[in-house]
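So that we are looking at the same thing, I have put the structure below in structure tokens.
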Amino acid sequence: MSPGAAPAGQEAVQPLGVAAIGYAFMGRAHSHAWRNVSAFFDVPGIEQKVLVGRHAEEVAEAAAKYGWAESATDWREVIVRDDVHIVDICAPGWLHAEIAVAALEAGKHVLVEKPLANTLAEAERMAEAAAAARRRGIASMVGFTYRRVPALAYAKQLIAAGRLGTVRQVRASYLQDWLADEDAPMTWRLRKETAGSGALGDIASHAIDQVQYLLDDTVTGASGRLHTFVGRRPGPDGPEDVTVDDAAWATLSLASGAIASIEVSRIATGKKNSLRIEVYGSDGALAFDLERPGELEFLDATAPPEEAGFRRIVVTEPGHPYMAAWWPQGHMIGWEHAFTHQARDFLAAIRDGAAPTPSFEDGLQVQRVLAAIEESAAAKSATVHL
Amino acid sequence: MSPGAAPAGQEAVQPLGVAAIGYAFMGRAHSHAWRNVSAFFDVPGIEQKVLVGRHAEEVAEAAAKYGWAESATDWREVIVRDDVHIVDICAPGWLHAEIAVAALEAGKHVLVEKPLANTLAEAERMAEAAAAARRRGIASMVGFTYRRVPALAYAKQLIAAGRLGTVRQVRASYLQDWLADEDAPMTWRLRKETAGSGALGDIASHAIDQVQYLLDDTVTGASGRLHTFVGRRPGPDGPEDVTVDDAAWATLSLASGAIASIEVSRIATGKKNSLRIEVYGSDGALAFDLERPGELEFLDATAPPEEAGFRRIVVTEPGHPYMAAWWPQGHMIGWEHAFTHQARDFLAAIRDGAAPTPSFEDGLQVQRVLAAIEESAAAKSATVHL
Amino acid sequence: MSPGAAPAGQEAVQPLGVAAIGYAFMGRAHSHAWRNVSAFFDVPGIEQKVLVGRHAEEVAEAAAKYGWAESATDWREVIVRDDVHIVDICAPGWLHAEIAVAALEAGKHVLVEKPLANTLAEAERMAEAAAAARRRGIASMVGFTYRRVPALAYAKQLIAAGRLGTVRQVRASYLQDWLADEDAPMTWRLRKETAGSGALGDIASHAIDQVQYLLDDTVTGASGRLHTFVGRRPGPDGPEDVTVDDAAWATLSLASGAIASIEVSRIATGKKNSLRIEVYGSDGALAFDLERPGELEFLDATAPPEEAGFRRIVVTEPGHPYMAAWWPQGHMIGWEHAFTHQARDFLAAIRDGAAPTPSFEDGLQVQRVLAAIEESAAAKSATVHL
Amino acid sequence: MSPGAAPAGQEAVQPLGVAAIGYAFMGRAHSHAWRNVSAFFDVPGIEQKVLVGRHAEEVAEAAAKYGWAESATDWREVIVRDDVHIVDICAPGWLHAEIAVAALEAGKHVLVEKPLANTLAEAERMAEAAAAARRRGIASMVGFTYRRVPALAYAKQLIAAGRLGTVRQVRASYLQDWLADEDAPMTWRLRKETAGSGALGDIASHAIDQVQYLLDDTVTGASGRLHTFVGRRPGPDGPEDVTVDDAAWATLSLASGAIASIEVSRIATGKKNSLRIEVYGSDGALAFDLERPGELEFLDATAPPEEAGFRRIVVTEPGHPYMAAWWPQGHMIGWEHAFTHQARDFLAAIRDGAAPTPSFEDGLQVQRVLAAIEESAAAKSATVHL
């Protein structure tokens, strides 16, 4: 029996060993989650075994700081270790496929950051590997973490319960401004060969996943546009060409008949991290903004018109998803704890032998939408069917 | 039969002649109301007969501009004219009592701006005159205009319908900043002999009237404080002493057992005209801010806790007070049209032979609270019972 | 010399006679403006001569209520009257071209509600007539009234002053919900032959005009989509087909290089009248929402990052456009007074012999964009160049 | 040399052992801080040695969950252990004085939750013990944690830098609603003998500390009122009397001449945890609400009036206090991480041999204000001088 799985009537005893690959922004956020998940949720015991990175000294320092027992520089060695049961991939996108497939084949449960991959081909390969691994009882999951923001998880509950009636129109935007300054320097995120795309893959992927997740629906067609407002940026050896988009727009058809607009940008001056989602249905509406992560706006259109209004729900009640584990009402948890919830759900699925979501297949579906948007953008925005 | 009163089964035919006294800020706002009320509401016909002011040339110009047939400089002559049936007093507070009592005695319906008077003695005299006039079928009303802001009128309906359960705690503030600049010049509003008091009479009076109006309740005790932050201001002949308060605070006991806090200021930097009222009851809560006059926040605490939240009601539905007369939903009316509603209600009461509210007695009750706050402030904030 | 035009050094003496055609929603709003404009602004004297409508009795009643001296049922007779100098067309869109061209040819100044016309051909004819009339000193203007909302006029000033730097990305949406209920009945607004289009012409036209107005820019390309969510609605004789769009989406290229997204809807549950515009530039950003018409959000990105934030400007200062004419700071004016400002600007242009904006040519340009969106929508959203 | 203190030119090597007393709400929050502080901040090494509670089994479970090496039931034994260098008191208020004094006398650094004590006498004894300990190099601190919310720490910086000019008026409220339901049961927090007071000590203490902290000022006089709206509540053996206040009001004079109002409540229906602070100065203003903990509103009144407005600063920039240690801009941290910052500052002070703030003396000063409010409330709100 694999570690973490609970035999009937008894608790798992051997802790699950976790290895994380990557210790930058995402590695830090994931480490925080592994360090804290057991303090708030009843999950199988885990051990932060090893943190993997390219630079031996830096990763050793990071491992010590973030609570890992060891550090290492070669992920290939780590993912075959017997004391490692979970591989958590926080490396850049171009490494996802190789590591994930290898880890799955080595029989490890795999959590991989979004987007699933830089290319559709890679994503397909990963989804296949995940499906095969699933048949062997191995879990895999892609880190569309915002599904674990309590306000969004609650939004999904409201929609699933029919409180919005038939959903018709969705508006999803993700606006940031870290590239608004034209002197912001080149990074690997601005080169197509390393990042795959720009705002599209990085943040539109979140918006698209949310639309499909909240509505339990599938995108069937897309008209899209991509644009790079600042074409050259300072590199270490002088100006370099930016080869990915700064902003992206799309209009998406969904299988249900709903229509969603997507607009994402890294040059939306003054917007720091605003993933905003508005859902309009025949009987109600919802709005969420990641800049106010503890709130959900909900309008019940079945109320008398005089009384109807968007109500600001402070999503900190014990009855809200995940929140019973935290503080008394009104005490807001941080962005980082969506990762704690992600770890909780991943561990719970492993324990229960269930397939965690979003699956690699879900990640692949997002990837297909991204590809359709790119294809449409290259064809003067003409609609592409998926 | 007096003009404006409708005999059974038939419409009044002779229009009501209106005379307004004062053509500054309030005179302009009232003129706008008289000019427009008939275009939106079914009210007895009126004629803007005469505008009265001290300076012949200026008042003549104002009269022409604001739609009055004539102008005059002597209110004593005007209020006895046969073609004048309504006297609308927009003059400064120290003139209220004299004009109002004379007009009532001359058999004219009287609308007077708030606060009712500068002193409790004057207010009492006015209330007596109004009561006597009422017995002769003469209407009188004090201009606590904010009762006619649709959002506040709707708030009262919700409270009266029991949607808040037992009201316990009320927070009322009225914050402005036109005196935040210590170089803002002296005016009659900053001298005790002309203004009676400062922020207290000018804006706390509104807050107190709202508390009593919304809760249908009466203040029975008050602890208060007054303070002048900028004690001297530039006058035409050099610095002058400010002899009224810049800000006032009070805690009020109400007959029902509820407690209300009042805080008003003219030096609240950045606040332009923020009359804010929050009402907390056992079953719900309300919040209103005059800087967003078309909105009311309402929380229904009988909803499941997960769903409860302050809902932002856009108060433009036909079912909202006064709003059926205006534009389609979502089209906000301005501050000025609370005066239009006031004119509508005053005219409707005259037509129906009803006693309009707020009455002079209501105005006097506010005055008593103001006096109690002043008395308490002079006694180190010790509570004064009314 | 035509009425209203001021000879050098002297005021115009003969008042301008105004005739309004239409007395429904827009007719009421325009009447309110003509009735009040002179009370707040120094403009040539006007007289509300005649209100025109199809039903003699109803229009007579409306005329009396809204301050018009007379009523009439035949606009052809009215527009040739000597005592009529201004023709204000508030009739439905399919009548615009005929009335406007005739009135211009009769030498009358013409103000026409938006959108300019139901078809591109009509709009072109109107623009030609306006250009010809202009050469004869006759003024014409299309009623994109929101240009006269003080917050939007101030937004334009900030952009023109360079406070946003290079504008890159614009988001404009106009969301309403009066068709969210699938039982809302058929009206002329839902038939292509009378309305031309649905949300597109009615409200996207406002959004498009604002984008071009605020940026002083021109749309050069469009990808669009139209959709009808509720295809049949109850008519007097049973269900009828809705032949216009409920919602529309577009991505627009502007001559400057900026890109604007447009999204409009009549089924956005809970949104009453939300024209929302966000403008992102290299040095700053702006946001406006018509549901809070007295506010403008402005972010100055040249401030230190710690201090930067969207500031909520209460647009009621004397230094704000139009506001010196109104009340003290913090006293919000209503939606209806954008029409008062429109009347003011139209009259001032007539007095000064200037060409008022937005001109019929501006209206035609909006029409071209609408047509491009429709063309793109019919071609699977493929981009159409203007 | 005591553990944690760094000798010149060299890092401390021996980790500081921490013992926490109490494992309920506050114990959990403090544990989270100790568990995470080293992952984000460069602080002396610590070890979570022992968690102390009354019930052996429960505290053992809590210790395992929250990352403590051991658990214990007798705080007296723990505070004298050689491997314990820091005693963190999260026990209820009536235990503060005894534990804190004993721990300080045992030479341990002490962090104690707020309010400092239940009575003024206890608080004075603690402040004396802290002063004596300070002379022996022992640090002590009271947990007014909100000083470590980045938005409030930044607010203090803005005020200290003179950006508000002379501060005149402060409005501080702390509104919750967990007692709005009259069937909410009795707890130790509702009995005077265990809790000392109700909303006053529990939440007004936070508001008062913030006022003194933000303004760097001292309360010199207070008029206050206390009220219990629901006098009896269900206990395990039937209804019991509530002997503390549900709500409290105060008007405070500050040494600088500023005046602050305080209003706190546990029956403010719909308010979950709203500590709201507004500061009005001659040159600017600030507003903060704990229900939106990542935001600060700032108005710079030295800007031209047309441009002035409350700007919503998203307090996630690297230049904001504490935030360089966290995530990229726009990623909000949670309420719980104010405790992480508190641990960071306490550890840094120990390392540097500095006296951490807020000191026990600061806590005592808050206690004096609470006592003055109680005294005033007992004397019909007559002002009490401190």
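Order of writing sets the chain letters: A, B, C and D. Residues in each chain are counted from 1.
Throughout what follows, a contact is a pair of C-beta atoms (placed from the backbone, for glycine too) under 8 Å apart; a residue touches a chain by one contact, two chains touch by 3 or more.
All values derive from a computational prediction rather than experimental measurement.
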item	value
Far-end chain from chain B, centres as C-alpha averages	A
Result of counting contacting C-beta pairs for B-C and C-D, higher pair	B-C
Gap in Å, rounded to a whole number, between the CA centres of chain D and chain B	43
Distance between chain centroids, defined by C-alpha means - chain C, chain D (Å)	54
Chain B-chain C separation of Cα centroids, rounded to whole Å	35
Per-residue multi-chain contacts in chain D, two or more chains	271, 299, 308-310, 314, 329
Of chain C, residues touching chain B in the complex	25, 28-29, 31-32, 35-36, 38-39, 65-67, 176, 178, 271-274, 290-294, 314, 316, 327-337
Residues of chain D defined as touching chain C within the complex	154, 296-299, 304-314, 317, 319-320, 329
Residues of chain A that touch chain C when the two form their complex	164, 168-169, 171, 173, 177, 180-182, 223, 225, 227, 229, 247, 249, 251, 257, 259, 261, 263, 265, 267-271, 278, 280-285, 299, 301, 308-310, 376, 379-383
